[in-house]
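What follows is chain A paired twice: with chain B in the first complex and chain C in the second.
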Partner chain A sequence: MIFSSIFFLFVFLPLTLLAYFFVPKKAKNVVLLICSLIFYAWGEPVYVLLMVFSILYNYISGVEIDFYRRRGKTAQLRFIFWLAVGVNLGILGFFKYYGFLLENLNRILPFTIKYTPLALPIGISFYTFQTLSYIIDVYRGTVDVQKNLINFGLYITMFPQLIAGPIVRYADIEKQLTDRKVTREGFGQGVKFFLKGLAKKVLLANNIGMAYTAISALPADQFSTLAAWIGAIAYTLQIYFDFSGYSDMAIGLGKMFGFTFMMNFDHPYISSSITEFWRRWHISLSTWFREYVYIPLGGNRVGTAKAIRNLFIVWILTGFWHGAAWNFVVWGLYYGVLLVLEKYVLRPVIERLPSAVRHLYALFFIVIGWVIFSAPSLSAAARYIRVMFGGGSAASGSAGVYYLYNYLLVLVIGAVCSGPGVTAEMNRCIVAKERWKRVFVTGVYAAAFVCSIAFLVNATYNPFLYFRF
Partner chain B sequence: MMREKIEDNLKVVNFILIALLIVFIAHLLSGGKTSSTPVETVAAKVTAAADLTNVTQADSQKLKKYYGLNANDYEGVAFYLGNSNMDVDEILIVRMKDSAQENALKDAMQTRIDTQTQSFEGYGVNQTKLLKDAVIDVKGNYALLVVNEKAAEEDEAFRKSL
Partner chain C sequence: MDLKEQRNKKRRMQRRRRDHFRRVMTAFFIVSLVLVTVLNLVIPDRKFSDQENRMLTQKPHLTWAGIQSGSFMKEFENYYADQFFARDAWISIKLGLERASGKRESNGVFLGKKGHLLEKPNEPDWDGVQKNMQAVSEFAANHSGLSTTFCMVPNAFSVQSQYLPKDAPVRSQAEDLAKIQSMAGDSVRFVDLTGALKQHASEYIYYKTDHHWTSLGARYGFEALTGTLGIDQPAADYDVYTVAADFQGTLASKSGYHGTDDTVTVYQPKGGEQEYIVEYADTGVKTTSVYSSEALKQKDKYQVFFGGNHTRITISTTVANDKNLLVIKDSFANCFVPFLLPYYQTITIVDPRYYYDSIDTLIENNSITDVLFLYNANTFVQDNSLADVIAPSDK
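Let's look at the complex of A and B:
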């Protein structure tokens, strides 16, 4: 089930809200847990068993780790901890990379290994990272063990952020699992976030995405340099509105149920450097890797060589986290190289550049990064980038002109909306003294909702891009 | 003492859970096997069994137009479309990346057949018959749609080629 579907908006969400607010406080987590399992089972009737396993296994492991830690039984403590880390990573690794591994083996082996391709359980990368954060923090003793199975199950399955994040660390939500309040203002904020996310996904991401889909399907004789750039820019905007739209909806839904999730995006395309971009893009993933990989490896408090090694480890893992394909690994490495260069070589140069040039520099590498990320294979990415720079294409620019003419307006709207200006202005108006400003903003949100529904009624199935991960 | 016993039992529960997980994965893996035959080879075998008078090979834009599918999302696609609006003959062979694509692909194929049937029902007797005899078949990582006089033979060739 996806948030941007008629069924979710008009059946699942209203019924869940009704049930949630109707039952007494003690039963609210039970209601949310049941609804979250139904939400997941709707799209993954088989893999919901895997999720139930994950809840039970990690719940028990947490209790055991806490028990052995308090009793000072180090050997048992380490065994249970590493077993839990191994089982969680093993499940993620198996479902995500087993097909990739066999496919690559088949390429190099003189014989073919026949295998059953398995679908990737939706959201597995997100909820596995959540369970790992819990297990690691209980092992470190930085959070208390969760002894209530319902509360723990809810932490893992909470439907607002189950499928595509934000990745919520247990430490950030521990108290909210037992003590939270839904206020009228909080609920209103939640609705506002949700509508903003819905409009981002349905009105912007889906429409801008049509340009990229059409351009990437162009035959070679029509695939010109202009078309390639329009396609790359369209994908750059599409993935931002798609993913940040999902995150906004998740944060909004969380607020409606009294939860506060961390922000996952902070207008990443206004960045003046790649370092800044990664402080603003998918913040919950970067935070997770910093907390559980980079800092434990020594971060930047070790020598330069080791710090560079640490950065590369994190970025190869970030690439691999996104998917089982070589282009994701190269995409991760690409950012690893750029970040190392910025940190150790380019920083003094970049800091002296005018801000517009710095912004263009960052955008240029971000757009190229998305080409590597979105391409079906590494060779396809290389072909695409070659055409972007005028190589390998004998195509006339007519297709490019056609797409520029048809999509220029939506691309400009997308570019403007990706900055902080529109949101800041809306937020100013909503608390303005003048009544007409408040009415106007309410009208804008209502209109965005009506337009989104109109698009959804006629739309084909259009899942979020990050469902793949 | 009592507590130690409970903790020990928890360890046993965890190992039982791991055993159940292994059984679950083994069950998933016992499904249909993939074929590594290239889509071009499968297409060659299928078209060899077909009557190709009324079809020509079509590109990914046509696939997007008539099925709403992006060729890039799949491992490989071979698509043959009727020469004119009155020719309902069609062959679509898709090599999927994983089984998650199966349902959406089958839905898209069925929708195409239903749309065509609606268009021709009532006046195109031959076309309606071909559409009623259309074959949609999925084996492992391959899916086939055929609307053709020799649909059954093509389906047989499809299965043999994998």
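Let's look at the complex of A and C:
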């Protein structure tokens, strides 16, 4: 099930809220766990069993790790810990990379192994990382073991962040699992986040996305440089609104049930360097990699050569996490190279540039990055980028002009909304002295909701880009 | 001290306003959810949407297998969206917003100038086209005793490109048709009506809200074909009757734009009514008119011609010239065939998309002398039914 659907909004959510607020405090976690499992099973009736297995296995592993750690039995502790890491990564690897592995093996092997590609269990990349954060932290002794199966199950399956993040670390939410309360104000704050996210996804991401879809389907004789740039910019905006919209909805829904999740996006397109971009983009993922891969490897407190190696390991993994295809690996490497360059070579140069140039520099590489990311294959990405720079583009640019007419307004609105100004202004209006401003901003949220419903009722195009991950 | 107190007071006020706003949001959201849910429960389900011209999803049956495969969930979601209260109004809001944002197409339909809606070109399936054209050329070679004509009707986006949105990217249908013609070979007479129709591009030869040509367009097509068909003295004057002035066709339904109305007309050669019998093989109905007045009460008024598509139709006229025509066609022929009535003893119409019997037997039993293939190009480039139907039956 996805948040941006009529069914979620007007069947699942009201029923879940009703059940949640109707039952006594003790039963709230059970209700939320059951609702979350239904939420997951709705789209993945069979894979819910995998989810249940994952909960039980990690619950037991956590208890065991805690047990051996307290007794100081290092050998058993290490064994159970690495087994748990192996099983979790093994499941993820099997479902996500099995087809990719065999496809590439078949390319190099003299014989062909037959296989049927598996459907990817939704959200597996996200919830595997969540369980790993728990297992690792229990192993390190930085969090207490969770002995209540319901609470543990709820941490893994909690439907707001179950399928597309934010990747909530157990340490961040441990207390809230047992001690949280919902006030009318807190709920309203959640509604605000949710409506903002819904509008980002349904009104901006979906409409801007249509430009990219149409342009990338253009036949070669109509695919001009202008069209290629419009398409690339459209995708850049689409993926931001799509993913950050989903995160906002998740944060908002979490708030409605009394949870506080970390902010996942902080206006990444205002960055003036690639380093800054990755501090603002998908923050929960970068945090996870920093916490559980980069720092354990030694981070940058080792020699330069090792630090560079660490960065590349993290970025190849980040790329690969996004999908089982070579262009994701290249995309990760691309950022690895850029970040190493910025860190060791370009920083003094960049710092001296005027801010407009720095922004353009960052945006340029971000847009090119998304072209690599979005293309169906590496060669397709290379073709696309070639056309962006005038190589082999169509003689006539009319298709580009046509799509510019069609999408100029949404692209401009998208560009404006991707900056921090709009949100800041709205928040100022909420507390403004003038009554009309406060009424106005309430009206904006209400209108956004109405318009979102209108688009959802007649949804012909409503993909979630991050569902592949 | 004073300043600090002032600042504190300001902060308190701001917090109060923020809390108030949040409570308003809570109330708004809860009321919306309850209201919408109740309305959806109370308002009865609809079977058919006139505006969208399609059947709406009905409540699915709950089965264990359906849950296991997830198909029940999928269908239930579709059902809920299809039966959402005031669905048509919501769609209008959406289309209004899209149009205001400057979009010039909707669901595969160009929102053209002067209220014209135009189909977007389909990407040709060249393998399928090749297969069909080879079958046509073999068919003509195997039936060298028959005079076989293959007629391609171009589409509005090609003929009336002046109505396309500015700079709309469309493939060149003229080039596609030239390519198709080159596949046809010598055994068949290939007629591309692009030139003939382009001469009348400013006239009302395509519906504004439907993908078909109008009767006027069909008339120009007929006049361009008379030579090839060997019709010596075609009618020069027609009585034109308007049978519907409020037609909203498939493109209106598909795009959701219902701004314009189309007029459906019927042409009858001046000087006396002709008598004939029309026999529908699929329904067994026999009538004395190619027009269905029933259709005029329906949404799709183009069905006034033969009441839509049928597997096989046979028309027997009072003309005694031993010319028996077989028309193998898509729906563009429906308003075209009436122009042929005065020149043939019988006309047999076959729609390969629904016809599975032997064409050879049909030719034999009906003493066919002439064969006319008539297709619109945009459908033909994706057709995959013709080759199988006209392939020689293995006996």
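Going forward, the second predicted complex is superposed on the first by the 466 of 469 C-alpha atoms of A that agree within 3 Å, B and C clash if a C-alpha of one lies under 4 Å from a C-alpha of the other, contacts with A are read in each partner's own complex, and residues count from 1 in each chain.
Here is the rule we use: a residue touches a chain if its C-beta (ideal position, glycine included) is under 8 Å from a C-beta of that chain, and two chains touch if they have at least 3 such contacts.
The structure presented is a predicted model; accordingly, all values stated were derived computationally and were not measured.
Asker: Please tell me, clash or fit, for chain B and chain C sharing chain A in the overlay.
Answerer: Superposition result for chain B and chain C: clash.
Asker: Counting only touches as set out at the top, which of chain B and chain C does A:Glu185 meet: first, second, both, neither?
Answerer: second
Asker: Is A:Ser398 touching the first partner chain B, the second partner chain C, both, or neither of them?
Answerer: second
Asker: Touch check for A:Ser216: first (chain B), second (chain C), both, or neither?
Answerer: first
Asker: On the A-aligned overlay, A:Pro117 touches which partner chain: chain B = first, chain C = second, or both, or neither?
Answerer: first
Asker: Comparing chain C with chain B, which touches more residues belonging to chain A?
Answerer: Counting residues of chain A touched by each partner, the higher count goes to C.
Asker: On the A-aligned overlay, A:Phe53 touches which partner chain: chain B = first, chain C = second, or both, or neither?
Answerer: First partner only.
Asker: Determine, under the contact definition given at the top, whether A:Cys451 touches first (chain B), second (chain C), both, or neither.
Answerer: A:Cys451 contacts chain C only, not chain B.
Asker: Per the contact definition in the header, classify A:Asp248: touching chain B only (first), chain C only (second), both, or neither.
Answerer: neither
Asker: Return first, second, both or neither, reflecting whether A:Asp172 touches chain B, chain C, both chains, or no partner chain.
Answerer: Neither partner.
Asker: After superposing on chain A, which of these stretches of chain C ends up overlapping chain B: 63-71, 81-89 or 117-125?
Answerer: Here chain C runs into chain B along 117-125, and the other listed stretches stay clear.
Asker: Does any part of chain A touch chain B in one structure and chain C in the other, and if so which residues?
Answerer: The overlap between the chain B and chain C interfaces on chain A comprises residues 46, 218-219, 460.
Asker: Can you list the residues on chain B that touch chain A in the complex?
Answerer: Listed in rising order, the residues are 3, 7, 10-11, 13-14, 17-18, 20-21, 24-25, 28-36, 59-61, 64, 68, 70-73, 96-100, 104, 140-141.
Asker: Please give the residue numbers of chain A that touch chain B in the complex, ascending.
Answerer: 46, 49-50, 53, 56-57, 60-61, 63-64, 67-68, 80, 83, 87, 91, 94, 99, 106, 112, 114-120, 213-214, 216-219, 376, 380, 460-461
Asker: Considering only the defined contacts, which chain C positions touch chain A in the complex?
Answerer: Contact set of chain C toward chain A: 13-14, 17-26, 28-29, 32-34, 36-37, 40, 67-70, 73, 76-77, 80-81, 84, 87, 90-91, 93-94, 97-98, 101-105, 107, 123, 165-169, 171, 256.
Asker: Taking the complex as given, what residues does chain A use to touch chain C?
Answerer: 1, 5-7, 9-11, 13-14, 17, 42-46, 184-189, 191-192, 194-195, 207, 218-219, 222, 398-399, 401-402, 405-410, 430-433, 438, 441-442, 445-446, 449-451, 453-460
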